[in-house]
Every structure is written in structure tokens, then in C-alpha cells.
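Please go over the structures that come below.
Both complexes shown next keep subunit A, but they swap its partner, so subunit B is in the first and subunit C is in the second.
Showing the complex of A and B:
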């Protein structure tokens, strides 16, 4: 959607027939979609389970990218090796924010937009004051900087890697939600917080963990996309809008919907950008989403939840 | 019982509510008498215009419960309406045939596009600057509120719509001036008065509009329709069960708010001497929300002062880059604190303090009264 289009770092290796172009578009779309999915997953979990519209999500993405840069330039850690510390750092930031800001706003969903936005400004500005606003660059892992052959097209290995990481993270998240005790508790709270609490579930603790996990995922997303573009304090702003559209389209409380809509939007914006230009693509996608909210506020792929 | 509160619920009487509003207006009008600096007056006029914009948001958000994250869209439409009219009045330097604006010549546009034509008339532009945002808002409101879209989704739709318009304006460079906006404008002339951006006339024009919009908004909140709108904010379905057409009221307050924002946009073009796509950007839209929240979303004067003070402070500190950066950080923190602990903003704080003082005075008076009575009785 926003920035990911046109960045497709592959090239056609043979013929320029219509079919080839079509397949190439599909691959570009998948690449955009996997980045969208990476960024949107954390947002989806936080919004779907806690009802919080986290406008600081873009800043979590930015923090992840900066942590990657810091670990690489000051400690010589490669991107792949630093993924775990990045997750921990950003998740810790998320935990603190949930604990000291958002948990105070229990029954005021609209105010969480404002509060998270204020937090976002603070994070962005702190980074700007501490490391400056000049662009930073993160190096791609050397083992992934060549290209791979996909269906006869040479595609950047890193893009293929991102695709599989996105799928893997989705699988991990799904398992956490559906096959672990914490996930079960979270689903119980989503259905009815007070009944869950009366069964001895500590809702506050589960919420804090959920928010921290969502933030950690955003941090990973930031770290993973950082080699593809430059790192700057305001890089998150574009992502949060795109990610939000993915969540709205996919339907709240539906992880599978998030995946479907991420790839759908990826393909759609890839296709429109190919036919028209990036600006028109953005405008059409946004308009489509406005119309969608009007007629199906529960999202395209929403599953019915008992309330 | 003090004379300032009604006997039943402690809500200040009408005169007590309008007093701060008139006081603020008087201060705004009096300022040029003590401040003899045209450059500074222009700056202050700019903050006053942003104040009007914030009042318009307070109307839809604080009173109507509609958090419009695209308030700057109306602001931008107003601003462009004024800029288009003034652009057509510039003395041609690089212009083509028939006074074609310079950026169109550079973009090889041969003829004035149809939607520019009516702006040759200044009267049309003045009406359009207010009416066009209101009509756009009414159409969007019809689209949104008729289907009972509420809360967060309204905010997303308004934000997305604004971003689309912003993208279109930037993309259609040959018709809108694109990223650079519309610059190099003529001065507005009305009834023989020229409104130089740095002149007194412009300041008083802005001051007059401040008063007008505060009074219009105040009057609306005290009509029956205004009360119904506030009731919808507090409990939408209850009002619907009473038989009111909820969507109609929401559309109306949404459009009224857009009209005031359009007025602010027109003034902004006069004060800044250009129109730019950033005027309908995300940045300004969200800033307005902050000002409104800090000042007090349920107080028109509070929202106005919130904008003037915060924007003014930011402007004063922007002389030094390091200060500005720190200020933005402080701003974010201040905003979070206000949202957490002062949901009614500084105006709510002021009201609370005022009420506490009034109560204490009342209590001492009552004590004094009973003491007096017992003395009379014993005598």
C-alpha cells in the first residue's frame, strides 16, 4: 500500500508476455502483503482482544528498527542474531506503556486513541533527541542478500525470507492464542471480562502480556523491514495507517482474516500501482476501505463471536 | 445560594456561561491597542484562526460526540476556495491567456479548468469557502450516520477521506498547484478595505470571526437542537427511542462544524498568504484534537484558548530548534496526562476550582446566616 509498492527488488529473467507480467505482479503483491502482515499482526491482536486502537504501533515498529540499527552498529550483532533481543526490548516498552498508561483508561475506548497517540509522539521525539533525525541504515544479512529463483523469476532472497517469517510468526501467534493457557485466558476475557475474573483470571496481567506481545511483534516487523528502507524517527507513521486498514478489512478478532486481508491488500495495491500510479493506488484503496466500513463494519472476513 | 448558580443543579446560569466568552472576545479585540507590532499581530492572528478551527472541532467532538480526525479537510477546502479566488486576482507575471495561474502555464494547461471558473467572482468564493465544506460534510455525514456507524469507525472514515483528498490535490499538480500549493496571491479587498496579512484590518477581521464563530457555536449549543445533540452524545439509543431522528441531528452538527472550519480555512489563507496541501494534512488534524483536549473539549472558550496558548507556545519556541524538539516531547507528555487525569481539559479544571470556591463561600454564608438567626432568636 503506502511505501511497499514499487520496491520489489526482483527482475524478470525471461520473456515479457502478459502471463509473465501477471505472475510477477502476484509475486510483488505477495511481498507487499507479507510486510503488511508483519506490521498488522501486533495491531490486530491488541485491537481484537483489548479494543485498543494503538496509534503508537508505528512507533513500536520504529523502535524495533532502531534497536536493530543500534545492535548492528554499536555491538556488531547481525540482524538475525538480534531478533530475540529486539522482541524483548520492544515488548518491555509495550508492557510499561500498558501498565502505566492504558490500564488507567479501562472504559474509555476513544480516549485510548488519544493516549496512544500522545505516547507515540513521546517515543518518536525521544528517539529524535537521543540519536538524531538523520536516516540510518541496517544491513541485510549477507546470507540472504542474493536472489532466489521463484517460478522462473529471480526474486530477492530476503523478500522470500520475509514471506516465510510472516507466515511463521502467524503460526506462532495462532498457537499462542489457541493452544496455551495464557491464550485461553485471553479468549475468556474477550468473551466476558467479569465472568473470567470471577474464575480467578488476572485480567490486568493478561492484558499487559497481550499488549507487550503485540508491541514485540511490531518491533520484529520494524527490524525485519529495516534493511529494505532507511530508518528514521517518523518511519512508523505510514505503517500504522496501512496496518490499521488491514485490521479493519480483516475483521476484528480474526487472525486468519488479518492474513487474508494483508495479502488481499498487498495484491490490490500492487495491481493498482501497476495499472495507474502509487498515489491513485493509495487513494483507491482508502476509498474502498471507507465504503467497506460503511457497509460491513465487522470486516470482510469476520467470524461470528458469541457475545 | 449564590447568584451565579441556578437553584437546582449547580449549572451556571446563561449569563455566567457567556461571561467568559465575551471576556475572551474583548481581550482579542483589545490586544492591538497595547501591542504595536504588526509582525507579532500577524502571528497572533494565525493562532486565533487555529482557535476558530479548534472551536469547530469542540462542537462536533465535545458536544456531538463525533471525533472527527479529518477536521482539517474542511479547513483545507475553505483555504483553497479563498486561495483560488485570490490567485485569479494576482497581477499576471507569468500568466497565460485570460489570467491563467502561473503553475498551470508551467504544467502546459491551456485553458482555465471548469471548476476554477466560478472563483473569478470573489462573492462566490466567500460563500463557497463556508458552504462547500458544509455540503461535503453533510454528504459524508449522510453516508456515515444513516447507517449508524459510530465511535472509532467514524474517526477512521473521516481520517481516510481527508487523506484521499490530500493525495488527489498533491497528485493533480496542474490543476491544484500540487505539493507547492497555491502561492503568490493577491490581497483580499472587500468594500474598499484591503486586507494585508500584516495589517490591522486583517487582525480585526480575524477577531470579528472569532467572536462570530464563538457566538454561533454558543447559540447552537443552547438551542433545542443543540441539547438533543448533547443527549445523543451521552446516550444515542435512548434519544432514538424518544423518536428523534438521530442521524439528522448528527449530520447537522457535523456540517455546522465543517462550515466554521471552512471559515477558519479562508482566514488562514489570508493570514498566511498561501494555501498548501499540508493545511488538510494529518498533522494539523491531530494537532487540533490535542488543542481541543488540552483546552477542554466540552467548553468552547476552553478549546479556543487551548489552541491559542499551545500553538502560541509552540510558535514562540520554534525560534530555537532544540527547544522545539524538547517542547514536542513535553507536549506529548502533557497530552497523555490530560487524557488520563483531566478528561475535560483545563476548562474542566477551572470549572472545578470555581465550583469549589463557590461552594465554600456558600457554606460560610449559610453558617453566618444561621449564626445571625440564632442571635436574633435569643435576643
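Showing the complex of A and C:
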């Protein structure tokens, strides 16, 4: 395989080039999927467990990227060292928003759509007013800025790193939801809030923590993708669309569904972009989601989860 | 939770209707004020300060304001001050057109400086043509326009490519991979590029367009790997430029073997992607911040002093700066009572000024500008190194890709 890769990097022979391309494209799809998963996970938690359609999700992603930039340019902190502070900062913002905006609306879905949209616009404009609207630069960790061999193909080390971080964050989130008391309480509230409350569960506190955790994840996603992409006040708009596609396709209350749909969309858009181009890929992916939702309105995985 | 799809749709529709109604501009002041009364010459400054392209248009606003302040500090135009009326069209073509109307009809500006994207220029064009006013457009663009109400001070395809494409073929090879954002500008530039490639024996291995704002280039990079071009000819714009360069570098591709040759990557984009991602790639433009001339040193120093030491100047902000001086020169030729947009237009024909890039001139035939093409390579310190400088200024040919058409003073003429 290694030899095949070497040949691939050079002039390439004809024999197994199709297989090579296929495998390379699978790896690419996994990479695109892992970025989608990173971005969608925070939304999936908030939407799935609280029923809040968080339109400020993109702005949490943006805040994470800006925190990374701030820590780097003003405090000289590298990206990897700033991940924990970034999570805390954005989670704190999320907590404040849940505590002082959403919980006052009793987390009613329609009211919170409008409220989170407004909060998103305010966050975006305040960043623009405070640090300006130029594109900002977040440095890639130097240790990850070269490329590595994966099955003989040269792949960006940073993309490999992102893949593992996405998987790790998913594992942590799954454990939090299914193996901790907070997670158990949250699942109890999801089943029936009033019954859970009558058993002495403080629903307000659990909701605030959940929202903060989701926001923190979004912030991490923003910080992690910023070395591959760009940082600007309105960068969140694109991500929120991607994240919604992933969550809706995966099934609203299913973490596993989010993972499956992120990688499915990653592979699909990567493959179409390779065979056709990215413009066509975007259109076909949206069309595919519409068709799938038409026949499975609950998303791919909805039935498997609620046990 | 229970939102039925129907309620969701109904609410969304109501919201849309509310947002769409908007707020009409009924508060237009000073409607009867004469155009250049009381020692004031009013001009509009129409660059987006919010929205997607604010990233770059903010710097265009700054360069324009700087030039106006300098002119006023030096005594204005024959004693009259230039009064800039700044509007924010929010990166939205419809808002551009609305604000342009306000500036031209309401404020009675004698000229408006504005626009970065072609979409916004096309949106305001009808306003300026109907009101016979004058628009000053500083951006490099795709050509193929011949309006009598626009002064174009950015480069057109022949001024960026005539020298660039043969130079690239000679230096790197004849296989070109054309990649651009999916809209009119990249398509027209590539159209011209393909003509040049045919002329110099080059070859297109792929031509592809990504959606505006696209930021995931892994599949594109796979295709680049499998087609092995000698040159990646890029007309990707905005934050996509940043994503493309960073992902190119992360994927381990080598600019020495397969450089990107861009018409759109300026100091502004390089600052955002980081010098190491930009290093080794090439850009063709009439101006770079490192260009050595007394006028440029003065411009860069003044710009930094006014707007901050970390700010960069680039090939569009430079055009904003010198076009404001050309406006001054044109108005200076007129008597105070004659300051009207058509007179300014006639006065600016053939005007010359020494811009930071070198001496420039407005071509009387098509109101485009004679410029000094340059080819530069990006360095890891975020600046460029100029490798090739044109020996003489180059005539603007907005219809270079369309041999059957030519833009003249009377308008577009079809040659048989």
C-alpha cells in the first residue's frame, strides 16, 4: 500500500489508480465528516435534549474561533493549550444566555428560535464592533502543520488530528449523557419534565448546564476548524446550516445518528465534489436530505435511541 | 416539544414578510440644496461596513476617507471642501441600489465612490445611468462593461493576464488548473485566460467553480493531485482564498512545483491566512504594498498613521486612494457653477496622476485606467516580492476577450 502511495504521489501508474482514488476519496470524506461532526455535536445536544432550535449556534462557533485568536495574539497561547479556556469561555457565554434569556421564555420552542436568532445577531455585531470585521488569523499548531501517511496516502496531520478529536469528543459526550448522574437527570427530564421535577431534579440547573456544554462544544469546533479555514464575524452562518443538515438528517434526539449522518454527508459531498464539483455537490446533498426527510421525517436514527 | 411543520412555516413566513417590508427611505434631507453650494462638494462613499464583504470593503472606505481628508487638509478643491456622505450598503446588492439612489437623488452627490463586487456594481448601474450621475469603481473586475456613468480604476483582464500567463507557462509549464468562485468574475477571467493559453500553447487540465464562501477544499486538492497541473490559476475570492491556501499547505503540496497563480490574493488575504500558507504563490496586480516609490511610501505611512500600524494597503485600496485624487483634478478644471456629474466625467477623460503604483491615466474612450501590471511572489512575512514590473503602462481593454466588440466614447460598438 505504501508503495502504491509513492507511485500515486509521483507520476502514478494506471493499474490501480482507480482504487487509489477511491481510497483517497474515502479518507477525504472521513475528514470532511469529522469537521461536520465537530460543528454539529453542540447543536445536536441542545436541540435533541432541550428541544431548542439554537440559531445562535453559528455564533458560538465564531466565538470559539475568536477566543482562539485572542488567546493567541494577545496572550501568546498556542491553539492546543487554549482549548480548555476556549471551552470554558464559550460555555460561560452559553450559560448566561440560557439563564437570562431562554429560561425566562420557559424554553418554549418558537420563542427561543427568535430569541437565539437575535442573540446570534447581537454576538456577531458586538464582535464586529469590538475587534473589527477583518479576517483573523489563527496559527495551526506547528507540530501538526505537515502531512502524514495514512494507508500510503499523504494526508494533512491536522485533519487526522481533527478526526480523532471529533471521535474523542463524541465519546466524552456519550459518556456524559449515559454514564453520569447529570446525564441521567437530563434524560429523565427529556422523558417528562414534571415527573422528573417531582423526583427532586432541578430541571433549570440541568438545562443551563446542558446548554452551556453544547455552546462549549460549538466553541471548541470553531477554534479547531479555524486553522484550516478563516475567522470572520459572520463565519458562523455557513456552519449553522451544515450543523442543522447533519442533526436533522441524523434524527433529532440521537447522538449516534449525528455521527452517522455527519460521515454520510461528508462522504457524499466529498465524492460528488470529486466527480463533479462543489457547487453541484452542495445542491445534490441538499436534495438528498430533502428526499430522505420526506420518507423518514424523524431522521435516519430516531427509532433506535429513545429507550 | 411540539412544533408542527405548519406552524413553523407560518411563523417563518410572517417573519419574512415583516423583514421584507423594511423601512423605506422617507427621511431624505436637504432635497433642494444645490450641488456644490456654500463651498461644499458632496460625494457619496458606498462601501459595505457590515455583511460578508465588509471584510475588504472596510479598507476601501478607509482609503477613500483618507484621500478626502488629505485633500481637505490641503485646502480642498479651489477652496471648497469635499463632504463625504458615508452609507453602509451591508454587502447586499438591493441595499446598494437603494443607498445609491439616496446619495444621488436625495443628497445630490456629484459622484459616488463605491462597490467591491461586480454584483453590487451591476445593481447600482441603472441608478447612475438614469440619473446621469457618476460612479467611481476601484476594483479589478472582469471587463465587458462600457458605461458612460462609471469611472473604472481597477485592472481589467488584459492588465492582469497579458504578461502573467505567458510568464507562468515559461517558468512552470503549460498545464493549468483553473479554479474560481462560482460567479461572473472568475468565469470571465478564465474565459480570457483560456484564450491566452490557446495563443501560447498552454492547456487547461480542469476548470472548476466552488460556491461563494466555500471553505472545504479537500476534494479539489485530490483532483489537483490526480491531474498534476503545473499551475493552479485561482480566481477564488474572499475567505475561500484563505481556506484554499491553508488546506493546500496542510495537504503537503509544494508551491515550488505547483504554485497557485492568483488574480485576487492581496496583502489583505495574506494577513488572514498567515504568511507561511501564502509563501511561494504568485499574484498579478498593478499594486503591491512593497512597491518602491515616494508616492507609495507616503500613502502607506499616511494610511497606517490614520488607521493603525497593523493595517495593510492593497491593490483595491490603492485605487480608492488615487481615484479620489483624479476626482479632485477633474473638479478643479470646472467652474463652481459647472460642477455636475457629466462635466466631471468629461473633465476626467485623459487625466493623469502619479499614483502609488506609478503614473496612471483615464482612457478617454472607455473611462478605464492605464495601469502598471506587476507580478509578485508572496513571502512568509506577509508581504510580496515584486518579480516583474511592466516597462510601460498598459492600456485597458475591457473587451479584450471579445474581438468583435469595442468600447468607445459613443458606447459599445460591434465590429463586423
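In the analysis below, the second predicted complex is superposed on the first by the 286 of 307 C-alpha atoms of A that agree within 3 Å, B and C clash if a C-alpha of one lies under 4 Å from a C-alpha of the other, contacts with A are read in each partner's own complex, and residues count from 1 in each chain.
In this section, a residue touches a chain if its C-beta (ideal position, glycine included) is under 8 Å from a C-beta of that chain, and two chains touch if they have at least 3 such contacts.
It should be emphasised that the depicted structure is a prediction, and the values quoted were computed from it without experimental measurement.
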Contacts of A:128 with subunit B and subunit C, given as first, second, both or neither: both
Touching partner for A:115 - first (subunit B), second (subunit C), both, neither: first
Touching partner for A:106 - first (subunit B), second (subunit C), both, neither: neither
Subunit B versus subunit C as contact partner of A:295, first or second or both or neither: first
Contacts of A:180 with subunit B and subunit C, given as first, second, both or neither: neither
Subunit B versus subunit C as contact partner of A:145, first or second or both or neither: second
Chain touching more of subunit A, residue-wise (subunit B, subunit C): C
First (subunit B), second (subunit C), both or neither touched by A:191: neither
Contacts of A:286 with subunit B and subunit C, given as first, second, both or neither: first
Where subunit A meets both subunit C and subunit B, residue numbers: 109-110, 113-114, 125, 128, 277, 279, 282
Residues on subunit B engaged by subunit A in the complex (per definition of touch): 67, 143-144, 147, 149, 151-153, 155-157, 160-161, 163-164, 167-168, 170-171, 282, 286, 289-290, 293, 325-326, 328-329, 331-333, 335-336, 339-340, 343
Contact set on subunit A toward subunit B in their complex: 53, 101, 104-105, 108-111, 113-115, 117-122, 125-126, 128-129, 237, 241, 244-245, 248, 277, 279-280, 282-283, 286-287, 289-290, 293-295, 297
Touch list for subunit C against partner subunit A, complex: 1-3, 7-8, 11, 15, 49-52, 54-55, 58-59, 182, 208-211, 213-216, 218-220, 222-223, 225-226, 228, 239, 242-243, 246-247, 249-252, 268-269, 271-274, 276
Of all residues in subunit A, those that touch subunit C in their complex: 8-9, 11-12, 17, 21, 24-25, 28, 31-32, 35, 51, 109-110, 113-114, 125, 128, 132-137, 139-140, 145-147, 154-159, 227-232, 234-235, 238, 269-271, 273-274, 277-279, 281-282
